[in-house]
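Below you'll find the structure I mean.
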Amino acid sequence: MPVVHIYAWKGFTEQAKKKVIEGVTKVFAELGIPKEAVEIIIHEIPKENWGIGGEPASIKFKDIRTP
Amino acid sequence: MPVVHIYAWKGFTEQAKKKVIEGVTKVFAELGIPKEAVEIIIHEIPKENWGIGGEPASIKFKDIRTP
Amino acid sequence: MPVVHIYAWKGFTEQAKKKVIEGVTKVFAELGIPKEAVEIIIHEIPKENWGIGGEPASIKFKDIRTP
Amino acid sequence: MPVVHIYAWKGFTEQAKKKVIEGVTKVFAELGIPKEAVEIIIHEIPKENWGIGGEPASIKFKDIRTP
Amino acid sequence: MPVVHIYAWKGFTEQAKKKVIEGVTKVFAELGIPKEAVEIIIHEIPKENWGIGGEPASIKFKDIRTP
Amino acid sequence: MPVVHIYAWKGFTEQAKKKVIEGVTKVFAELGIPKEAVEIIIHEIPKENWGIGGEPASIKFKDIRTP
């Protein structure tokens, strides 16, 4: 506890994923939760499978890149 | 708001994904929610990872195709 | 197939929920998927549990209502 | 993008929820993602509905409290 | 690992929840995964929030009860 | 009903997936739920996308294998 599911566009670098895992775990650790209890799952979603405002992100945000 | 996660068998065409994104967004727009607030995530699942009635869909529904 | 999880702020009327269930099911039926195969789960989330831009929606969008 | 679902035992204070929303948003902002694009949903789960090692947390961790 | 999210109609007895937690954990233990690594979250959904075939389960399956 | 989402490290054999689908379905069948109503979705997650204790499982548990 907690379990954290993160849904993001495909393409985060390995370094960015590590920062997400470290950073989110720290948020809970600062509330007094043991780090070992924090489980984080990153789901990478192709932009054509992600819709915003009725359009796929692959079209609507075709020039935006992931970190 | 809302966030919609759609889990479906792998293999929807790009055209079918677009129709899903447009159509589901419209359902919420018709209730008065701004289109830009609707976020849709399509998760494509291999049929061997989807169980129904105790069997993988890759066996039980091996002849059914996605749109 | 498909399974659809909808996450929305708490407070949709029973009528609005019915329209969501009918409308989203129809989107898939129009792609040739049997209506009986469409499963939809609506998750109602208190606005204080929903963060956007680093703030709870209960503060940031305190005057916006659900349909 | 991203959408973050956090599953935790019921009972976080309003203050703890705010810290989670602020802190997790900041993790992504530091990677260059606009804060407004970060959507966070906190799901509070009764301990009797959360199993670890084959037992409900309401029994196994009955003396552990949420922040 | 694994994390298991179970979505079911509201109303399972405490005894039924325990059996689900024990039973599902055992499935993974029999594959050689340590029991302590299995985390299970049961989400109870009101039948009016669950749609099948375009209708809420509260109408379509109004006489079916949970165990 | 129910819908079960299982999140596990990538790499389960086809045989292991079948056992999971059969076994988890049986847990619900033993509570009196019709097998045909049990829907199971297995999500395979690369270990570098799974964080425990602030570290990716690809580093922390680099020698542990899936069944």
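Letters A, B, C, D, E and F mark the chains as written, and numbering starts fresh at 1 in each.
In this section, contacts are C-beta pairs under 8 Å (C-beta built on N, C-alpha and C of every residue); 3 or more make two chains touch, one makes a residue touch a chain.
A quick note: this is a predicted structure, and the numbers were derived from the prediction, not measured.
Q: Figure out the least number of contact steps between subunit D and subunit F, where 1 means they touch directly.
A: 2
Q: Would you mind working out whether subunit B and subunit C touch using mostly the same residue numbers, over half shared, or mostly different ones?
A: Same-residue interface.
Q: Report the chain whose CA-based centre is farthest from the CA-based centre of subunit D.
A: Between subunit D and every other chain, the largest centroid distance is to B.
Q: Please identify which of B-F, E-F or B-C repeats the interface of C-E; the criterion is that more than half of the contact pairs agree.
A: It is B-F that repeats the C-E interface.
Q: What whole-Å value do you get for the distance between subunit A and subunit C if each is reduced to the mean of its CA atoms?
A: 22
Q: Cα centroid separation between subunit B and subunit D, in whole Å?
A: A distance of 26 Å separates the two centres.
Q: On subunit B, where are the residues touching two or more other chains?
A: 3, 5, 7, 20, 24, 26, 39, 41, 43, 50
Q: How would one label the connectivity among the chains shown: line, ring, star, complete, or other?
A: other
Q: Give the pairs of chains that touch; include all such pairs.
A: Taking the chains two at a time, the touching pairs are A-B, A-D, A-E, A-F, B-C, B-D, B-F, C-D, C-E, C-F, D-E, E-F.
Q: Going by the contact rule set out above, which residues of subunit B touch subunit C in the complex?
A: Interface residues on subunit B, with respect to subunit C: 1-9, 16, 19-20, 23-24, 26-28, 30-33, 50, 57, 67.
Q: Show me the residue ranges of subunit D that touch subunit E in the complex, using the header's touch definition.
A: Listed in rising order, the residues are 7, 43, 45, 48-56.
Q: Going by the contact rule at the top, pick out the subunit F residues touching subunit C in the complex.
A: So the residues of subunit F in touch with subunit C come to 3, 39, 41.
Q: Which stretch or stretches of subunit D touch subunit C in the complex?
A: Going by the criterion above, the answer is residues 5, 14, 17-18, 20-22, 24-26, 29, 35-36, 38-44.
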